[in-house]
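We just call them A, B, C and D in the order they show up, numbering each chain from 1.
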């Protein structure tokens, strides 16, 4: 990788390129960098973000300036990112790299303090979140993905068995392109409301009784999970496009059951 | 997960669904199953494939029949798959699941026996391969991805330094949708021909001298790698659509340099 | 990495080393190579093994001969490995590398064809297996690890709840040093016999009813699982040392419950 | 998983166990929890730690109290951990779980702001750090592991080639048991001083020239790397036991070169 700042050294990647092929994305990938993320309640979480930062390159330009991507993140230190200002980072990247298009993907763990359903004891649960900002021909699109761990309980197993029902941890992934800002917490809450049961860090015994019975009372096929979530996402006018997927890590198999719905509002 | 064969038991997932939402993909994911893959030279490799198998589900149907996906793979035992007959597996899946659309993704390690460039000593090199077959509204599309490990050597580092040049392992990923069959080996050969150097399992000392000097003589930016490969893919009329990406695991950073080109022929 | 065969080139790594520090392990790691593995019934599985191959290096020797490790695997082609002959591979490695000690670790997926408990339908289940052979000061030790996916059902959840009980997929890992040969299949069978339920690829509906009720009838804490397995391993005089661990991917949490017992016979 | 606080519910896991087998480790694994870590300069990094927390269980006790492990981390909120006070967390775990032995393993990404060698430009580099605290029969042992990414350049390739030398990113892992406190930053600095070159986030062009030539001037076999580091660790009387390993992700192969030295002071 290389940088272009030093004029004294020959600018190898600034030369014109004879192949005349545009590059849609060029930049840095799998970069771990400290960032501050601000949530709905103005609270800030310090995260070790996994960052991919790309710009487009026109056919006649030989190479981009890799070190500038990191300088942009370095200058971001002390200024928290949120769903409200993420676009500015993409705009700045495009301008600093003198590119037409820019794309930034950041992925980070996210913690929410939850209260156990009966005892009310607090503990953190961890989620995976991805933000993507895409600036293409002056059109800006922002994407948010949340990966939410939940319990799924199989209606068929419950129905056909004298007692019991197989259940397991599932990973529900909701991806949206939004017209108006949507907070991470909002999307997570939608998923948790539709699961056979939501998860918690600490569960005291009355809590464990509660979630066991709640899941048994709310069996869902993987198809039900994605349909019920699609119904909710369809009703939210802030969402332009969405997909919802559930991967159930079946407790009776060594593979997953999976379903996916994509839609537009 | 559940199955529908036994008529004596209530068919929970066969009931009509009141939500009226179609599901684009439902099935099994992250299933590891033994498969036989046949290459260009009629040789067969036994692989532990990672399989995702999906069908579409119309709005009025409550659920699919998960166990049938595995039965299809079970019946495949003893019959090698190749780029020539992969489509039959997707057709059979659609028919057996009584679905309109079907999609199968299989991923497996692939070995090629290579001769070292000077000594001629043989050894295996491993690649990652993905096949995707998509049947949607009676249109069939087949996709092939190869992930090829190569050496990349930085032209800027070579140019600005008195001696030496940083180099590293890179992972070049070529994805194609093809009109006519293309063999795994063909696509790998294209990538290896364009790298600063290709890799080998065994390198005797004269081989190591050869690849070191060859890489120094063939420096390439990540941008060069994807452009040179795009040029080659553009010329192949069997290819309808392609993307080529290179991730260079930079030896002077703890992140990757990355470039991606997408195109249509 | 480098090789020592070519006498015409300067033997850099053959020089005496002034630091006088012995190296316990030097060699190749994360090498993927095709191998044939023979099971108890003389059947052969072709695997893409992940191989680590090391020898010791005395204080006065500067470096080892890396390419020889791969030549040993290359020469193994066509000769299946088994628990009976694995030692020969380690002996050959020690001799070819002119070392005192040698250590080889190979890890591979392993398939067993199983019949569903009621319908009798056949399908493959996948396991992860590791073999380690250690030759140290002329003492040879062989280790076998199997990672077995099973169902665990929580006795507390069952006991305190009016109905239902949380259950999930667990990964049980048994490691042994054996005095006499023990087959992969034997160790897997021991684990599956002690689980709340074993897993299957294909389960028809009567099978699903069976495993659901069986698991509900055989609840086990993570502590029970490792204790019941330890009891079985204690009784097997072929086993010199063992450890047994269970990681339960809790369906009501986003973390695992875990227990480990180590012992000697 | 389950908890024991609620006396109104039957205490299933508190019953005496008839198998009379002690469990060395039982607890929670793969728990992601927010923690604050304090470095040598009193600065605090907020991390998403991956936590394993175990206690021993005597033969006669049926089960442990899983939810207490998380309560201990919950109570830790707001109180930064450091190499100086980590022991308290293990002591508290043992006491709260009423156990004889306790073991806590936490793993987290760690950032250090570094200045580029010529331009002096600042950027963060990321490392992986693991702390382990073991309390066994009233003996306390603390372990620290740092995984440091560096450049390695092959002396053989340099020696036998007319020009160039293959180099690559390596991952050097140093594990220590220490008698007196050692800071994360100290151990990282030792590794970076011995590499062919250390890594940086941002490198301007004069910096890239510098690191390219520096690496060419400091070629090291994987054996050299671990020996030079072992020499340094031997001289540090604060260290009781150590191991040092280097995994070089060879740029001319698709596997790693690896060496490991273990020692006691």
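Quick notes
Basically, a residue touches a chain if its C-beta (ideal position, glycine included) is under 8 Å from a C-beta of that chain, and two chains touch if they have at least 3 such contacts.
Bear in mind that the values here come from a model prediction, so they are computed numbers and not experimental data.
Under the contact definition, chain A and chain D share the contacting chains B, C. By number of C-beta pairs in contact, A-C leads over the other of B-C and A-C. Using mean Cα coordinates as chain centres, the one most removed from chain B is D. Averaging C-alpha coordinates per chain places the centre of chain A 35 Å away from that of chain C. Chain C and chain D have Cα centroids lying 25 Å from one another.
Work out the mean CA point of chain B and of chain C, and you get 28 Å between them. Each of residues 1-2, 9, 31-32, 126, 156-157, 160, 201, 203, 205, 208-209, 250, 252-255 in chain D touches at least two other chains. The touching residues of chain C, when paired with chain A in their complex, are 125-126, 149, 151, 153, 156-157, 160-169, 197, 199-201, 203, 205, 208-209, 211-213, 215-216, 249-255.
Only residues 1-2, 9-10, 12-13, 17, 19, 21-32, 52, 54, 57, 62-64, 66, 154-157, 159-160, 221-223, 226-228, 230-231, 247-248, 250, 252-262 of chain A touch chain B when the two sit together in their complex.
The touching residues of chain D, counted against chain A in their complex, run 1-6, 9, 31-34, 45-48, 67, 70-71, 74, 109, 111, 119, 121-124, 126, 201-209.
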